[in-house]
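Chain IDs A, B, C and D follow the sequence of writing; residue 1 opens each chain.
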Amino acid sequence: MNYGLLTTEILTAVLGLIVLIAGLLLPERGKKAVGFLAVLGLTVILANVILNFGHEAVFFNGVYQIDIYGNFFKVLFLCAALLVFFMASRYTEFFGQRKSEWFSFMIFATLGMMVMASAGDLITLYVGLELMTISFYILSAYLLNDGLSAEAGIKYLIMGALSSAVLLFGMSLIYAASGSTVFTEIYRTLSAAGNIQPVLVAGIVMMIAGLGFKISAVPFHMWTPDIYQGAPTPVTAYLAVASKAAGFAALVRILLVALPLSLFNWSLALAVLAALTIVIGNLIALAQKNVKRLLAYSSIAQAGYILVGLVAANSYGLKGVLFYAMLYVFSNVGAFAVTTMVEVETGSTELEAFNGLGQRAPMLAAVMTVCLLSLAGIPPLAGFAGKFYLFSGAIQAGYLWLAFVGLLMSMISVYYYLIVAKAMYIGISQKEGPILVPLTARLALWVCLAGTLFIGLYPGPLSRITEMAIGLFL
Amino acid sequence: MQNILQISWIIPVLPFLAFACIGLFLHRWPKAAAAMSILAIGGSFVLSLLVALKVFTGDPGQVFELSARWLSMPGLRVDMGIMIDPLTAVMLIVVTTVALLVQIYSLGYMDKDPGFASYFAYQSAFAGSMLGLVVASNFGQLFVFWELVGICSYLLIGFWFGKDSAKNAAIKAFVTNRVGDFGFLLGILFLTIVFGTLNFGELSTQLIGYDNIAVLLPISILLFFGPMGKSAQFPLHVWLPDAMEGPTPVSALIHAATMVAAGVYLIARAFFIFSHTPQAMFFIAVVGGFTALFAASIALVQNDIKRILAYSTLSQLGYMVMAMGIGAMTAGMFHLMTHAFFKSLLFLAAGSVIHALHEEQDIWKMGQLSQKMPVTTWTFVIGALALAGIPPLAGFWSKDEILLGAYVGGYTGLYILGSLVAFMTAFYMFRLIFTAFFGSNTNGHHAHESAPVMTVPLIILAILSIVAGFVGSPYMNNIFGHFITAPGVVHHEANLGIMVISSLIALAGIVLAWIIYQRKIINHESLRQRFSGIYNLLSNKYYLDEIYAWLIAVFVDGGARLLEWVDLKIVNGAINGLAFFTGWSGRTLRYTEDGQVQTYALYLFTGVVIILITALMAVFTAIV
Amino acid sequence: MGDFPILSLTLFIPVIGAIIIMILPREQERSIKYLAAISTLISLVLSLLVFCRYDMTNAGMQFVESIPWVKDLGVNYALGVDGISIPLLLLTNLIGFSAVYASWQVAERIKEFFALLLLLITGVMGTFVATDLFIFFLFYEVVVIPIYLLVIMFGSSKRVTKEYAGMKLTIYLLIGSAFLLVGLIALFIKAQAILGYPSMDIKTLAGLNYPVAFQIFAYSLMALGFGTLLSMVPFHAWSPDGYAGAPTAVSMIHAGVLKKIGGYGLIRIGLFILPAGAKYIAPIIALLAIGNVVYAGMICLSQKDLKYIVGYSSVSHMGYVLIGIASLNLISINGAVMMMFAHGVMAALFFAMIGNLYHKSHTRNVADFGGLAHQMPRLATGFMLAGLSSLGLPGTVNFIGEFTIFVGAFRNYQILTIIAISGIIITAVYILRTLGNLLFGPRKPEWDHLQDLRGPEMVPLLVLGGAILLGGILPFTLMDLINSGVGQLLTQIGPIQIGGIF
Amino acid sequence: MIGLNHYLLLATILFGIGVYGVFSKRNAVAILMSIELMLNAVNINFVAINKFIQPSNTIGQLFAIFVIVVAAAEVSVGLALIISIYRHKKSVNLSDFNLMKW
């Protein structure tokens, strides 16, 4: 066991604590440095992950696994966190004194996700998940004076706790069926047993429900719009991309390592869930007038697309899951970044707030348009390549109908993305003059734009990395 | 001299070059444009003469062919080429002569018209297209130029586009022709799939011994649709009278002498196909004969000088088509040639009158023109005599040969019909002459003779109207018949009896007109009143225009509105309905999200329970 | 020329132009316009070069470029042209160049306009030069968004608002492409199963033997997708409304080339890869094609708005292309490709003239006009040229297309072709009526202030009009090229699968 | 004798009561308590299963301890949130929190 490979997690924990303490110790004027510290720290950690990308190790009899799959998600979480930090530079002013703690909670949430991605055992998974979730309870309610934010916090708390209970109950049933909590052990015992016990089925279903909550799959998605709308926008961005990715990271590993299809065919059930998620997410999004809420429904639909890859559970499908999760970071953070700028400028995230953005800030409008269309899956943007993988996987696995549903709905989804574009380009804004975009935020926007375009135009590199990452399942 | 044939492709190209030059460079200089155009057609005329000389001094059966690849792929080949045989040579002479004279005449007639340059451009384009049609070596090329003469006709009919009537007449002409071309094109397509070639020579070779009537009959009938449109045969004749909205020289050239005769030329050119199917031939003969009678009857009561001539043209075209149908191809072509000369003469002379009277076309508002405009009058009379078939003018010989063909060929009905038409022709022509040129009305007193640039062409054409018939006269070896012939065409011995009868019939028509309109022994007003039913029927052209207009309004425009409704309400409605339904379901579904955490929890648990039950059921069924 | 990447250059010069335009300050209006004109001109010259340098004796893909792109999908960045794609590439650039000039009068947000326009042109071009299915599809949908933005920003609202028109156009076409995409992916997966390795190379995919049932399934999806883009009845509803709402340049490009991607796809992908499927579905397509010709043609008769007339007429003309494709023989497909080119230049010229007139008079209602030939003889010439080629007059390139299609189609579908040919009468009626009411008749003094075409406005007329006449008078220049391409394609499919009459 | 099934039944009933509480209560604190019930049901599960099925190791009991710890953290954050919200809204009634819907 090479404990050196745990540096990433350890460093992240340390960074979180340092940032927390620095916030307390530093004088009021020096608190600006906290954000800088957080960014610097995360960059170092990111560099560390990338440098050790190919190294694999199993800790404590499989309880914790460092592998490319996990590293891939760690890079994803770190990128997302960095982008969110950059783009939130102006927004953090709203947090006032509690700004420095915000960074630390974000880092702890990241740590939780990392643990989820690498967890090889139910207990570890649970701990990581709760670390992330509890951090997000706090982050969602961070603007305590804002009624919406507080409401988002309490709703997330209750729903989150509830879903944890369901998840745990499911875990306990799996434990009952297999007598173990380590994924590889579970598989070994169950495959030796041969027959399928109803207890196991109930356990799988409840666990899918618990994790399905995190990825906001229908019908466990109900919290998503409210929390996304109420939470501070950068938090929403992080919640949307990273928390969802972490949920998928865990779900894929559990389902494929501990409970593979050879054991029990969960794929049809997931396919139905995926289809429902895609359809309902997109349909309700059509009727939205608030951009954050619209993006929330859109993210439900996106979860449906990613699920398609898991349903397929073959090379293309799984690659698609990872691929899509990664591009989703760039596209969705880009969209939320623009939303953040608009919110800071106008104090609103209603559709009207975006009116005339094409004139006032062409850059913001362009990034928003590109990112939204990437989410819609329009070539040559990243989303198309991702969907191509996902639906190739689905068709290869025989889910032709799912590909039909998914692609049709993704074309319908263009409607609501274009409604935003329409507001930006032909809406008439109340105010005139350009919108100030700080340098850091500008950087985030450029990265999102470049990432979305690059992945779309040249998917080769990312596809090779995902290919390595899914090696462990095939 | 073979060289002259080698360069004969220049004949159709020259006018096209003139057209391009005028269109691109010379449209600001009308005089130069006109000079260019006349020079070009003059060149074509000279070349045509040389070509004709070469052809008519040679062996009648020889065919010279030259072609260039134009559109080709495995299974389809349309060449642009020339095919020179006696038939072509005759047509070349007719077309270039009349076109040249008409263009010269137009210098005077179109003087001071703002569109002078474009008029000559169109004239050149027409001349080029017509010559291209004439020399065509295959059906594809023929069709190309067939359409091109159509569009030139459209442009020239609508030349005075400021007038709504001209605009509508142009559209009517083109669309009616399109109906004919529709069938013609189908015929061509049939030919391609049956014989795999469109070349006249190859087709005629393949047709030797070919007797599958079931294939040839539809082909012949479909091909005949083309001539029905272009040569204005009933029931597609309606455009030609309206086409008189164009400038009169245009009517003379296109709608009397050349383009409308293209249909007849086509039948002659493709005679080797038609002659294979007696049924088709009979159909052609009947259509032609009916058109001849039908149009002549309408011409009896028309008052517009150009319309009388137009119906006369229709009637004569019917005559030619009938000739083709009864197998007298030589006679038909002969009549085509003589008709070209005397009918263009009549039109040009009428144009001279109209010009002098400042666009007055009603014959009842003319009168006593003979004193003011002697040249015009007497050339017109020569033309009319030729048309009526008074010996020894050109029309006599050609008409006589057709009647002879009908009589000897056993088509007695058609012979009687033809004679009747000849009588009517003589009558209505001299009704016109006695009223307009010799009548008592004094409206014409301020008229004056036209300029030499207009009268010289009249005189030349008058001479041609007198002498052109001799080339086909049986008393002068019938050179025409020697050269213009085809397998299946029968030449009959001259029949003096027929000649005398037809001359007498023509004379009778003239005399009757003289009695009624000059001597006024019979009052034409009271005649009109007595036969008011027939008169109205005839003067309203059998109400065909109205019937067509009604049919178009109901079926075409009504159908269009119906389909538009279908498109808007059903096709678009379905789309909008689907879109609305999608949006509606979104708007409805969003109310599941009611803001209450406990509702959310309810959904979560319900979801879990449903999936659980389904999964367990699936597992149990699998176990059981 | 060797390794010189002429196709990539042709493709990306407009993109470079667009990027520079985006960088240029908003005030540099002249430079922006000139830059757009120059970049499209360079592309046009390059594509003319390709046209001239293509070696017809050695048919097949030439000027090939191939770079491995995505390994696990078997995607290569592969470009190449043959006799089918060159005419369409040329068409794109002819229209693109003209469209820039037809938009010379755009006064607001010039930067956005020309940048988007150039992107649009690249997207369209890309589909014609791609020899890889993935790259093809990438370009296939690139165009959707620039079009939407151009429509809502610069379009016009008449019977329908521009917002509605733009949205309808976009969503309709995207939904069509969803079916197509399912078909493409299914094809890709199937081919992978047969080959044992992934490949997106169109030629490789075409070399495989797919089960007939699969071919029918995949081809019908493609027919649906490409058919929608080609405005196959009853999936045409986007077309008239879309053109009516779009600004001139977009209408030109959309009607001129974008639609043709549908036809191109049906030949290059549908027929080439899935010949047996094509054979089964062809009669249905032929039947719908008749719907296009007659149904849409009849609707033209009752339209009042110029753009609707041309919009429905383009639907009607696509019927010829469809029946050409459905007839599955060399002649008919040659004709279909020719017709695509022909209709492209014709429709673009029509829309350029309409756009010019609308810009000056602010109305497109035919009844408002009359006698315009008095005031605007050059515009009238443009309209006449477009109109006459629309009704398939010999001497215009459209005649060549229509005639060839008729000859080819008549071999397989006599009755349907006869009905289709009746379209030439319908077309004549509505085109001549429209032109008559628009250009001829008494002079109307309220239009005396309208200026005739001049300066840059003449460019579309000269370029597109020249193409119409040149192609019509010297058809072999294009037809030999097309024939080499189609011939090669049909040879590769093999004689067994493509029967003459079935 | 009391066997595994009895424990599992107890746990399920407890879980059911928790679920019932979540649906029937309006007070946020009460709902949190109901959720605690559900978590405790899980704990009973773990411990019982550990005892009856896999007595060789203590994974189940360990898991239960983790759950207790995490639940404590969750509740503490939850209560803090509820208190802070109560300061602003003067209510902990969940049906009052519906600013965001549809």
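Please note the rule applied: a residue touches a chain if its C-beta (ideal position, glycine included) is under 8 Å from a C-beta of that chain, and two chains touch if they have at least 3 such contacts.
In this text the structure is predicted, and so the values were computed from the model without any measurement.
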| item | value |
| --- | --- |
| Central subunit by CA centre of mass proxy | C |
| Intercentroid distance (Cα basis), chain C paired with chain A, Å | 41 |
| Inter-chain centre distance, chain A versus chain B - centres from mean C-alpha coordinates, in Å | 76 |
| Between chain C and chain B, distance of the C-alpha-averaged centres to the nearest whole Å | 36 |
| Geometric centre distance via CA averages, chain D-chain A, whole Å | 26 |
| Residue numbers of chain B (touch at least two other chains) | 590, 593, 595, 597, 601 |
| Shared-contact residues (touching 2 or more other chains) in chain D | 22, 94, 97-102 |
| Touching two or more other chains - residues of chain C | 171 |
| Pairs of chains, among all present, that meet the touch criterion | A-B, A-C, A-D, B-C, B-D |
| Interfacial residue positions of chain B with respect to chain A in the complex | 582-583, 585-587, 589-590, 592-593, 595, 597, 599-601, 603-604, 606-608, 611-612, 614-616, 619-620, 622-623 |
| Residues of chain B defined as touching chain D within the complex | 590-591, 593-598, 601-602, 605 |
| Chain A - residues contacting chain C, complex | 315-316, 319, 358, 362, 369, 373, 378-380, 384-385, 388-389, 391-392, 395-396, 400, 403-404, 407-408, 410-412, 414-415, 418, 421-422, 425-426, 457-460, 463-464, 467 |
| Residue ranges of chain A touching chain B (in the complex, touch as defined) | 154-155, 158-159, 162-163, 166, 195-196, 198, 201-202, 204-206, 208-209, 213, 218-220, 222-223, 225-226, 269, 273, 280, 282-288, 412 |
| Touching residues on chain D, where the partner in the complex is chain B | 19, 22-23, 94-95, 97-102 |
